[in-house]
Amino acid sequence: MEDTQSRTDERKLPIQKVGIKNIRYPLAVSNGNGNLQHTVATFDMAVELPQDQKGTHMSRFVEALNEFQESVSLSGIQRLVNVLKKKLPSPGVFLRVEFPYFLEKKAPVTGSASMMDYTIILTAESHEDDRITATLIIPVTTLCPCSKNISEYGAHNQRGLVELHVRFADPATADFDRLIRCVEETSSCEVFALLKREDEKFVTERAYENPVFVEDLVRDIALKLAKEGNVNWFKVEVTNFESIHHHDAYAMIDSDHISGFRTLEALAATVKTK
Amino acid sequence: MEDTQSRTDERKLPIQKVGIKNIRYPLAVSNGNGNLQHTVATFDMAVELPQDQKGTHMSRFVEALNEFQESVSLSGIQRLVNVLKKKLPSPGVFLRVEFPYFLEKKAPVTGSASMMDYTIILTAESHEDDRITATLIIPVTTLCPCSKNISEYGAHNQRGLVELHVRFADPATADFDRLIRCVEETSSCEVFALLKREDEKFVTERAYENPVFVEDLVRDIALKLAKEGNVNWFKVEVTNFESIHHHDAYAMIDSDHISGFRTLEALAATVKTK
Amino acid sequence: MEDTQSRTDERKLPIQKVGIKNIRYPLAVSNGNGNLQHTVATFDMAVELPQDQKGTHMSRFVEALNEFQESVSLSGIQRLVNVLKKKLPSPGVFLRVEFPYFLEKKAPVTGSASMMDYTIILTAESHEDDRITATLIIPVTTLCPCSKNISEYGAHNQRGLVELHVRFADPATADFDRLIRCVEETSSCEVFALLKREDEKFVTERAYENPVFVEDLVRDIALKLAKEGNVNWFKVEVTNFESIHHHDAYAMIDSDHISGFRTLEALAATVKTK
Amino acid sequence: MEDTQSRTDERKLPIQKVGIKNIRYPLAVSNGNGNLQHTVATFDMAVELPQDQKGTHMSRFVEALNEFQESVSLSGIQRLVNVLKKKLPSPGVFLRVEFPYFLEKKAPVTGSASMMDYTIILTAESHEDDRITATLIIPVTTLCPCSKNISEYGAHNQRGLVELHVRFADPATADFDRLIRCVEETSSCEVFALLKREDEKFVTERAYENPVFVEDLVRDIALKLAKEGNVNWFKVEVTNFESIHHHDAYAMIDSDHISGFRTLEALAATVKTK
C-alpha cells in the first residue's frame, strides 16, 4: 500500500508546523512540589516538515501520546518532545497541552475547604534548543481605584483573569502553586469556590482595601516575578470583566520589552514594599 | 438525475426537525418602534419530515433566505415562516435567528452618547398555530445585598446577563427597546459603553444603593413584565459572573410555573411600589 | 451577622431555579459496566425557592460537592441529589454534570489501540419524583447518499456529532458504552483517534458503502433504541459539519412525538434488518 | 474630581498594552474593489503606557470609535489609529477589528446565487511605523490524497478553514475578494451556501479530482501568494475538521521562515503549473 505522505515534494517549501490539534487525552499532572492529580488534557502536536517531503505521518502523534505513560510536568513535557522527535524525525517539534488544575483552598475566616480550578497550558518549541513555557490562568477579584476614590460609597469590582506566561531557568524545580499564590496575593482579593458569611465579609472588605487597576495588577505581578530567581522570562496579561461595561479592560507587560530594565535583577532591585 | 431525498421511506418514523444550522446572513432588523438597523444574523431553519419521506431538500432553506428581502422583526419572522411553508410543505416549521442589536445610550451625568450592544434571538415554531418567542440578552450590573449588609465598607458587584424570553399578545406592536429599559431599570445599575468620571461616580453609587440578589432581579423583572399588557408569557433568567468566585450565580422564573398566580393579571395586582 | 438570604420575601413569587453554574470539580466516573475513570466535570446545581424566602444559600451547593465523595454514575447522581435535598430543603432540585469520557478503541484492521473521547452530560430534576437523563455526545463519520448516487466518483462526507438523550427504566444497569457502540455502528463509519494506513482504507471504504443522511441516522438510531429494553425515553440529534457548506445539517427525533407509535415496543416491532 | 489615572507612577514599569477588549460596534466595511457592506465588528483597542503614568483613560477608546464615522478598510483602520493617537498620546497604539464579511457566489452549474460568509480580522500595531495585517478566514473542502490512493472507492473529505494573514505593500489597493478567490481555487473545492443537485455532483467530483493534504494546501497557497506583487508578508494556516477523527489536522507556512527563499520573487519563480 503506497505511502503517499513519503513521496518527494518538488515545491521546495518547508512547512513550519504540521500536525494534529484538539485531541483530548486523560492524564496525570505533577507539579514541582510533588502534587499529583488526574485531569483531562487537550493536545496540539506538530513538527516542521522539510521541503522535500510531501506529508507528515499524523498517526504517529497519537502513538507518541499512547507511549507517554508518565505524568505531565515541565520535565514530562520535555520527555514527550523527545518521544515525538524519535517517532517523527524533524528539525522542529511543537507541543501544546492545556488542562484544568486544582488546588484545595481554605476560606479566609471559617477555614472551609474547597477545590479551586485554574487552567494550565504548557508549550514546548524544540528546534536546536528547547523552549518550554508555562501559562497559568488564574481568576481574581479586582476593585477599581478610580471608582473608590470618586464615590461616596462603594466601588465597582469584578472577576478578572490573570494569564501568566513564564519560562524557567530550571524547569525541574518550577512550582506552579507558588506562582498562583503570588498572583492571588497581588490582586484586590483572591477568589474561592466556597465562602461562608464571615468569609464574604472578609473578601468584600479586603478587596475594598486593595483597589487595583489592570495597570496596577500587571505591574505589581511583574515586580514580584522579577524577584523569582527561577524565572527567565514572563509575560503577564490581565482581563477584567468590567461590572459597569459590557466590554473588558486589558493590560499586558512582557519582560522582553521593558526598556531601561536590562535584566530582571535590575527590575527586582526597584521593588518597593507596598 | 435522481432525487434521492424524495424516495419513499419505509421506516415509519416521522422526524420532528430536519434542516440547516449556523448559516450567517446579513440583514436589517426593525423594532415595533420603527428603529431599523443593519446587522448580521445566524439562522437555524428546520421542518418536520413526514414518515414516508426519505429526506428534506436542504437547499430550499437557503433559497427561502434569499427570497426574504425584508427586515427581520416579529412580523418579518412570521412572513419568513410562510416562505418556508411554501417552499417546503410540511406539518411543522422551525426558525431561529440570532443577531446583535444596538441602542444609542447617553451616560447618566455627562450625557456622552455611545452604542450599547445586546443580543436578540427570535424563534418561531409553526404547527397548526404559530408560536413566536423573542429572547433579549441584556448585560447589567448587580451588587450583592448580603455583602453590603455584613461589610464595613464596599460590596461585591459584577456583570450579570439577563435573558428575557417573551411571547406577545400582538407581535406587531412588540417593543424591544421598552423591554430592555424595563430590565435595565430593575438591575442594580444599567451598563454603558462610554462613561466619563462623573458618570462612573454615578453608576458606582447607584449600584451601591440598589443591591439585588439574582433572586431579587428575576422577581422584580417578573413583577414588571406582569404589568405589560402585551406580554402573554415570559421566562426570565439571570446569570451573575460573581466577582468573588470563579463560578456563576443563576436564577430563573417561568410565568407558566408560578403556583398561586393563575393569571398574569393576578400577578400584576400584587406588585408593590419598591 | 445577619443572614440576608433568610429574610421573608413579600413578593409572593416562587423561583423555579436558583443556584450556581459552571463550577469545575475533579471526580471519578463509573459506568454500569464497572468502568471507572478519573475526569474533570463542570456542574450546574439549583433548587426551587419558595415564595416566602428571599434567597438561597449558594455556599451549600459547594459543600454538597465537597461531601459527595463517590464516583459519578446514574446512581451517584441520584445520591448527590439527596445530599442537596438535605442541605437545601426545597420542593425541587436540579443538577447538571458535564464531563469528558474515554473508551479505548482498537483500529479496525491493525488493531492499534487509542483513547477515544466522548462528552457525557447527566441531568437530574427532582420534584416529587426524580427524573434523570443521560446525554452522550458521540462523533461519527457521515457520507451523503445523494452525493454518492449522482456523482461519477467520490461522495462528500464529514464529521458529525450525535447527541443521544436517554432516560432509563433502571438507571443502575444503564450501560453508556453499549449506547456509544449502538450509535457508532449505525453511522457511515465510527471515528478513531489512531488509524494506520490499512485502517484508513477500511474506514474510507466502509463509509462509502454506508451512506446516511442526517435523516437516516436519527431514524436508524431511533429504531435501535426502541429495542433497548432499559430505555424509557430518548431524543436523538445529529449535526453534520457539511464538507461542502459553511453551515451544518441537523435532524432530531424525540420518542415522545412519534405519532402512530404509542409505545416503544410497537416501534421496535417495525424494525427491519437493514 | 480627582483623575486617579493621571497620577505619577513610581514603579518604573512601562506597560506594552492597555485598553479595552470585546466591544461590539456596528459599522460598514469597504474593500479595495469598492464593495461596501454593513456588518457588526468586535474591537480590541490598546495603547502603550509610559512608565511614569498610573493608568490610561479607557473611555477615550470608545470616544475614538464614536468619532470614527467612515467605513472600515485597510486605509480606514489607518485613520482610526490616527484618531486613537490624537486622543491617547502614546508611543504605541494597537487595534484589532473582527467582523463577518459576505460575497455573493453563484453555484457552479445552476448559477444559483447565495451569500457566502467569511471572517475578516484587521490588526494595526503602530509604534514608529504602522504595521497593518489582514486575516481572512475562508472555509473550503479538502479531500485526502492518501485515502483516495489506497481505497477502492471514495475518499475521506471534510470542511477545512484557511486562515490567511497578509501584509500589503500598498494597503490602499488590497483586494480581499481576490485573496479569497485565490484560496478557494487552490482547495479541493470551494464551498457554497446554496447548491442544487447538479451543483452537488459538480463539487463532489471536483473535490475527488483535486485531493490535497493540509501540507499541499498551505504550500499551494504560499506559491500563489508569492506571485501577488502587493503582498509583502504572509502566513497561511489550514485546519481540517477530519471526517475520520475527532481531532483536527493542521499546517502552517510563514513567509519569514522559508529558508532558501530569500525573497518572495525567488519563491514565485519556482511556481509550476499544476
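Per-chain numbering from 1; labels A, B, C and D assigned in written order.
Following the convention adopted for this analysis, a contact is a pair of C-beta atoms (placed from the backbone, for glycine too) under 8 Å apart; a residue touches a chain by one contact, two chains touch by 3 or more.
Worth saying up front: this structure is predicted, and the values here are computed from it rather than measured.
Q: If you tally contacting C-beta pairs, which comes out ahead, A-D or B-D? Let me know.
A: Answer to which pair has more contacts is A-D.
Q: What's the chain with its C-alpha centre farthest out from subunit A?
A: B
Q: Report, in whole Å, the distance between the mean C-alpha point of subunit A and the mean C-alpha point of subunit D.
A: 26
Q: Averaging over Cα atoms per chain, report the distance between subunit B and subunit D in Å.
A: Distance between chain centres, rounded to whole Å: 31 Å.
Q: Can you tell me which residues of subunit C touch two or more of the remaining chains?
A: 1, 23-24, 117, 146, 150, 193, 195, 197, 201, 245-247
Q: In their shared complex, at which residues does subunit B touch subunit C?
A: 1-2, 4-5, 9-24, 44, 46, 49, 51, 54-56, 58, 145-146, 149-150, 213-216, 218-220, 222-223, 239, 245-254, 257-261, 267, 270, 272
Q: For the complex, which residues does subunit C have touching subunit D?
A: Checking each residue of subunit C against subunit D gives 116-117, 139, 141, 143, 146-147, 150-159, 189, 191-193, 195, 197, 200-201, 203-205, 207-208, 241-247.
Q: Quick one: in the complex, what on subunit A touches subunit C?
A: Touch residues, subunit A against subunit C: 1, 3, 23-26, 37-40, 59, 62-63, 65-66, 100, 102, 112-115, 117, 193-198, 201.
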